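One structure below.
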Amino acid sequence: MTLLSPLFRWDAIDNFFSDSARLQGMLDFEAALARAEARLGVIPRDAAAAITAKCQAQLFDFQVLSEGAALAGNLAIPLVKQLTKLVAADNKEAARFVHWGATSQDAIDTGSILQLRSALDRIDAELERLANSLARIVRSHRSTVLPGRTWLQQALPITFGLKAATWLDAIDRHRARLTEIRPRILVLQFGGAVGTLAALGDKGLAVANALGEELQLAVPPVPWHAHRDRIVEAASTLGLLMGTLGKIARDISLLAQTEIAEVSEPSVEGRGGSSTLPQKRNPVACSVVLSAADRVPGLLSTLFTSMVQEHERGLGGWQAEWEVMPEIVSLVGGALHHLASIADALQIDAAKMSENLDLTRGLIYAEAVQMALAPSLGRAAAHEFVAAAAKTAQEQARSLRDVLAEIPEVASHLSSRDLDRLFDPKQYLGVADQFIDRVLQSHSSHGHKSAGGRR
Amino acid sequence: MTLLSPLFRWDAIDNFFSDSARLQGMLDFEAALARAEARLGVIPRDAAAAITAKCQAQLFDFQVLSEGAALAGNLAIPLVKQLTKLVAADNKEAARFVHWGATSQDAIDTGSILQLRSALDRIDAELERLANSLARIVRSHRSTVLPGRTWLQQALPITFGLKAATWLDAIDRHRARLTEIRPRILVLQFGGAVGTLAALGDKGLAVANALGEELQLAVPPVPWHAHRDRIVEAASTLGLLMGTLGKIARDISLLAQTEIAEVSEPSVEGRGGSSTLPQKRNPVACSVVLSAADRVPGLLSTLFTSMVQEHERGLGGWQAEWEVMPEIVSLVGGALHHLASIADALQIDAAKMSENLDLTRGLIYAEAVQMALAPSLGRAAAHEFVAAAAKTAQEQARSLRDVLAEIPEVASHLSSRDLDRLFDPKQYLGVADQFIDRVLQSHSSHGHKSAGGRR
Amino acid sequence: MTLLSPLFRWDAIDNFFSDSARLQGMLDFEAALARAEARLGVIPRDAAAAITAKCQAQLFDFQVLSEGAALAGNLAIPLVKQLTKLVAADNKEAARFVHWGATSQDAIDTGSILQLRSALDRIDAELERLANSLARIVRSHRSTVLPGRTWLQQALPITFGLKAATWLDAIDRHRARLTEIRPRILVLQFGGAVGTLAALGDKGLAVANALGEELQLAVPPVPWHAHRDRIVEAASTLGLLMGTLGKIARDISLLAQTEIAEVSEPSVEGRGGSSTLPQKRNPVACSVVLSAADRVPGLLSTLFTSMVQEHERGLGGWQAEWEVMPEIVSLVGGALHHLASIADALQIDAAKMSENLDLTRGLIYAEAVQMALAPSLGRAAAHEFVAAAAKTAQEQARSLRDVLAEIPEVASHLSSRDLDRLFDPKQYLGVADQFIDRVLQSHSSHGHKSAGGRR
Amino acid sequence: MTLLSPLFRWDAIDNFFSDSARLQGMLDFEAALARAEARLGVIPRDAAAAITAKCQAQLFDFQVLSEGAALAGNLAIPLVKQLTKLVAADNKEAARFVHWGATSQDAIDTGSILQLRSALDRIDAELERLANSLARIVRSHRSTVLPGRTWLQQALPITFGLKAATWLDAIDRHRARLTEIRPRILVLQFGGAVGTLAALGDKGLAVANALGEELQLAVPPVPWHAHRDRIVEAASTLGLLMGTLGKIARDISLLAQTEIAEVSEPSVEGRGGSSTLPQKRNPVACSVVLSAADRVPGLLSTLFTSMVQEHERGLGGWQAEWEVMPEIVSLVGGALHHLASIADALQIDAAKMSENLDLTRGLIYAEAVQMALAPSLGRAAAHEFVAAAAKTAQEQARSLRDVLAEIPEVASHLSSRDLDRLFDPKQYLGVADQFIDRVLQSHSSHGHKSAGGRR
């Protein structure tokens, strides 16, 4: 499905999940295993060098590997076979010690963890970029008022800064999660056929420790062949991020509707055109993010389902992960990159936002009036009272303020100056500014934390 | 993810969903559109020939298409652009009429339907192969007795013929479904930008009809750009099939357990080995089918979710289908082919089945004894009575028959000859044979129907 | 979760899935079984009457059943126990023959099918009501023009009649599907412990046939204890309907946005208010339908996953259906009823639709101009040309028509009268009317078919 | 669906999600809000006491609430109305200040968080119980050997202690996760209609802080009405746990198969019987856990999908959570309790485990022999060599040891004593014991951490 990859995915992430990267991950395991075993005298020192020399993806025949995997049921078996042959060509003795004491799943799982680590590093960096773009928007639009909308209806004024601050705060939570899970997820898989490392006699744990050092991966208390919570935790943490990306894209695409037109994706020559409509500028990035937001949850449910694996190594569940986990990372990576790219240069039309506040002839200020009347009339009575005036205003297509002004009870409680204030959006923003400050403060402290926190 | 494709997928299906096939599906639409419009005098007759001549996937620059899709948000826009250029090189006049009156989605959706039609034809044929293999098993093992198992516990004797007959009957139901949905699914998509065909003036419907004829696709009452039930119906009908394939693979893999060993996948040199265990013969086909059974439901949930598309053409939902629908067909196709391949040569060990009937020292015949006692003692009393004997037999590791023989009440109701009969599996198979006959009869009548029923 | 039931569900459907209805479904099976067996002399004629007399849900102690189910793992076991006791109280002899020859799953599955049949009947009727409401809208708004929208951007004019026609056509497809699947789905489950009916000796099939007659359910070729495609087909067919309901609700909620305001849910005193905003009228029905559209796909993926059941009767998969299948029917039923209720009285503001066509100062007519220029300039050149004019119009906030009028090339090809026509929405509706006619015709022919088609 | 609740759920958790608990959660919010506002002089001190006095679920008319929710679209609106009435009956003045400055979603979300906190506490305790049971099994069965199984085939010997250690380690990881997420999840929701707290003027943040103190919930940087990652993180963390519970239940149910019989669920009078088979003892707890493992992933995918919520407060997505989140907690709680209950008294048959090691006539020791030969022959050659011997043994139904003994090359490398050792399962357990020690050590250190770590 290469034709659609540049649309849905992001090279910077996909490179970590190419065929070649998958292979290299496993080969990195095999090379490190040989070196670790040589350090401990389990295999000859020469063998390690000879094996390491051949652990390069570009030396392998992919066609043969692919057919071998179809026959054997996994990729490690033909890989070990081909690696053995490659090593033997130069050093027959060394070839005896390829894959010594390991099982297919050790290579496959550890390879996946290495791929995942690279991807998470790149995602972290892109998230930082996105967060910083959002922080800039928050700062610049701290005072830009627009209609807050609930249930797809205008509700009360907010600021665009506050709206973006809720986006930013969510993104920073995802950054925190992705930092937190690293120690639990980035671990070695090494257990041999059934998790006892029996083939290494009493040296299993020592080899595991040396291997962990080689790969800079922690050694977990026990192998986890049939316990997939680590993999699924990584995927579902990315899935949480996907939900937020989707939420932001949904917001942007709604704000970009022809009739609202408060925000639009950056204009790029040739981007988002139509094959037939000359005037169209489609929100392409949003479409990509929203499509990924539709796809990732289903993929996650597969991973959650697949956790129910049999005995020491499962049948079906494990195999289901092989394409699904990379697919999740790839879709989230693509969506993140698209969103980070438009966030940098989002077109924000403050004038149109202000205009849209006036669309309802003042109905959007109804709560403000109600709260002003509530101390005298009680919240419930004020609510009913203003609701009636709102209904009248709507039915007669008049401004709420005019309708209210005609009612003696209002005049007795609210002066014309009071009404001026109540119908000014800037006067009814509550603690939006303080919320913004809190988010920005949490954002900058996060920056410090994560700088140190990453690996 | 090419490296794993030969394991998880099946060329014969995947070829219909390659980049090249995706492109060709859209080009078939463009060529047929030009011909249909020429027939009706909407565009010059020359133009149709010139356009048709260039509608060949191999003439296109995939790199350019791919980058164009990333920019424009869909594949049709760069395709139309490139096609126009190709046509113009030979016939400038004709190039004016490329994609005349259509919208991107018309080409993309109709192209998908064409791909789907080819895939469904191939799947039908493979299903027939599988069904016929299962029918052979049913006939050969009509009298092969083995333990029927419920809740993963031995329950009562059945025949392997009956077991396979329930598989066969399910497969035949899927064949019927796949035949039934064709008229609803294999239809043209053609509506122009918003489903009015406005760019064709009053000729829209005439062009649609001619186009339908060209492509041998029915013309639906109205375009269905934002109504995706047809696509999802196709996918979920395949999803139902996937469930059955998974069920059969689960059965085979459980029967193939070392401790049960009643069935095994055909032995193929090099197949299902382990990278470390010399004695292993892993059920590779089952692992593939079971992994697909874990994956397809999640993909389906995406398609169901994505049906909620906005207005005349949606944002996100439609885009989500582009890779997910092919993925579903591909995974089901791969699983089907794997299962059809092992069904042909499934190794069935009737002796071991018979042995396993004896594992419980007769407990598997408990219901038979109970039913024999029930007319005298009542069903409930007989149940309690035999349950107690079963418990004793289990605790004392004795045969149920021996325990029963010692009880005077039994002797009074059941002679030793009665007991012989009751502990003979062949005597307690009920109407298994009649069920088998019904399934085989339904199967052969299906053969006749579907021969005529397919397109 | 009773408190939220009236919001999310619909009594008329939920009544078929209450505890009491679940129980009665199973009791209807037990009563019919006794009668069928009595007819064939398998059990005494008296026994059937005595058993039938007690097969009434209200005679049962739900607390005891519920605790019994928790212990035994299914509801049939305590039900049979309690039924036996109830029968024995009046007729000790008859009590011997309760549940004769059946297994728990026979009662549970057949009971579910009976519940499902009732629910499908009710859903059919409500779908007919919805379809008829939509047909009325199609007819009344055949000429009501509004902006067609793609990718959430205005694209070209359409009519509200056409928009509703695509809704109607989809609903009619669902009605056809729900009619088609009935013969495959509404079948008896009856196989005894392992699907051989061994406990009935050679009378199994005769009893099955008689039982099918009693319950007016077809007898399938073979029992289907571990083959769940029928159940999942019913659920996924409802899931397809759910997608369409969600799509319609998404459309309505977008059209009801404050800034678009073309459509709104019928106004009902007290409906859709806010706890704090006096002016709010939230689209409550849409929120319910959309929430169900988010929920049903996940539930479906569970059913698809659960199809992988073990051997003659599964462990886990079958049990997963017990609450999930009813939940799906209940959520779809609730959403359908909500939507049918608002469709009856949807508030449609044709004036606002017309107003919204003018929002873009004529950009919505860009394709019309392009197609008018295309015969002289070629489609591609005309596209680029009009796209440039559209850009100018947008940047200078002028009307597209004015911009075009200033360009000599346009004047030479299009007269002022031509432009009048091109900027009239009614002149650029293509074959919308013919599409509407086709849908209405298909709708009325469906009415005839389904009248006869239903059971 | 009460009849099945005792089977699938657990009172101790479900009580936190009853209608009454849902209501009480919201009322706790309303009462705390009044007190907080009174402390800050926003409302009269009297009002707080009067309101608090009425915030008791049992004072409310559920029928009225339920109908009100169906009309209004959420439960908070009728709750506030009824609460206002209740307060007014005693104190008209105080009634004015009910729900002062809050929005429906503040009450609903904060109420949910309070319910969730209670549930997480209970789940923590039950997890500790389960972990301790598993730790006991690990210690008692440190030396109990059984076949390790991969791909459902016997592979190499392991110990039951090691098997249980992998279960324990996974459970302890879940405990760590559930502790880690608490600070991020257990936070106040309080933002007013659009997240500005505008109705409270400049006192919004002060009230939020006081309210957080009242409820012992942290105050997040900004309200999170349309950002649902916290809720979904809680659910998906429970979903990870569900996967592990399912994996353990799958293992137990496979080990409990009639033909393997190494483990069984504790025997309880009346439990797991069949309605027709007297000898059956069905693994009821496993069926419940496995059915929940099929159901939770689909529910999670709904929550992930529903994260895409619109603007300041969404339409459909939020509403989808109301029943789905409790359903997830409830199913996980039920599964956890079932598993914890059987783990306490799991029946483990060490003799049968040992017997099953002999089923393959020594094939299970093939890797041991291979590794013993590898230093002389090379790993690859040794693998092929032993594989051939294994094949011969299998075909001729002889013991692998006998086949090997006849081969001169073996005799030259391995003495009869060597072979004795190689065919002794206890001699080929690698570092199983060390892995067990690591898990137990991590487990006891976890105990210390979590004791302090919980809230």
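Think of it as A, B, C and D in the order they're written, each chain with its own count starting at 1.
Everything that follows uses one rule, which is that a residue touches a chain if its C-beta (ideal position, glycine included) is under 8 Å from a C-beta of that chain, and two chains touch if they have at least 3 such contacts.
This is a predicted model, so every value here is computed, not measured.
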_Matching over half of the contact pairs by residue number, can you pick out the copy of the A-C interface from B-C, B-D or A-B?_
B-D
*Tally the contacting C-beta pairs at the A-D interface and at the B-D interface, and name the larger one.*
A-D
_Inter-centroid spacing, chain D versus chain A (mean Cα positions, whole Å)_ = 24
*What is the distance, in whole Å, between the centres of chain B and chain D, each centre taken as the mean of its C-alpha atoms?*
33
*What are the residues of chain A that contact at least two other chains?*
73, 99, 149-152, 155-156, 192-193, 199, 249, 253-254, 272-274, 276-277, 282-283, 287, 290, 293-294, 297-298, 300-302, 305, 315, 367
_Touching residues of chain A toward chain B in the complex: what are they?_
1-8, 19, 22-23, 62, 65-67, 69-77, 80, 99, 102-104, 107, 192-193, 199, 249, 253, 268, 270-277, 282-284, 286-295, 297-302, 305-306, 315-320, 322-324, 326
*Contact footprint of chain B on chain D as seen in their complex*: 147, 149-156, 253-254, 256-260, 272-274, 276-283, 287, 297-298, 301, 305, 356, 359-360, 363-364, 366-367, 370, 383-387, 389-390, 394, 400
_Can you tell me which positions in chain B touch chain C when the two form their complex?_
73, 81, 84, 95-101, 148-152, 155-158, 162-163, 165-167, 169-170, 173-174, 176-177, 180, 184, 192-202, 204-205, 220-230, 232-233, 236, 239-240, 242-244, 246-247, 249-251, 254, 290, 293-294, 296-298, 300-302, 304-305, 307-315, 367-368, 371, 374-375, 377-381, 428-432, 434-436, 438-439, 441-442
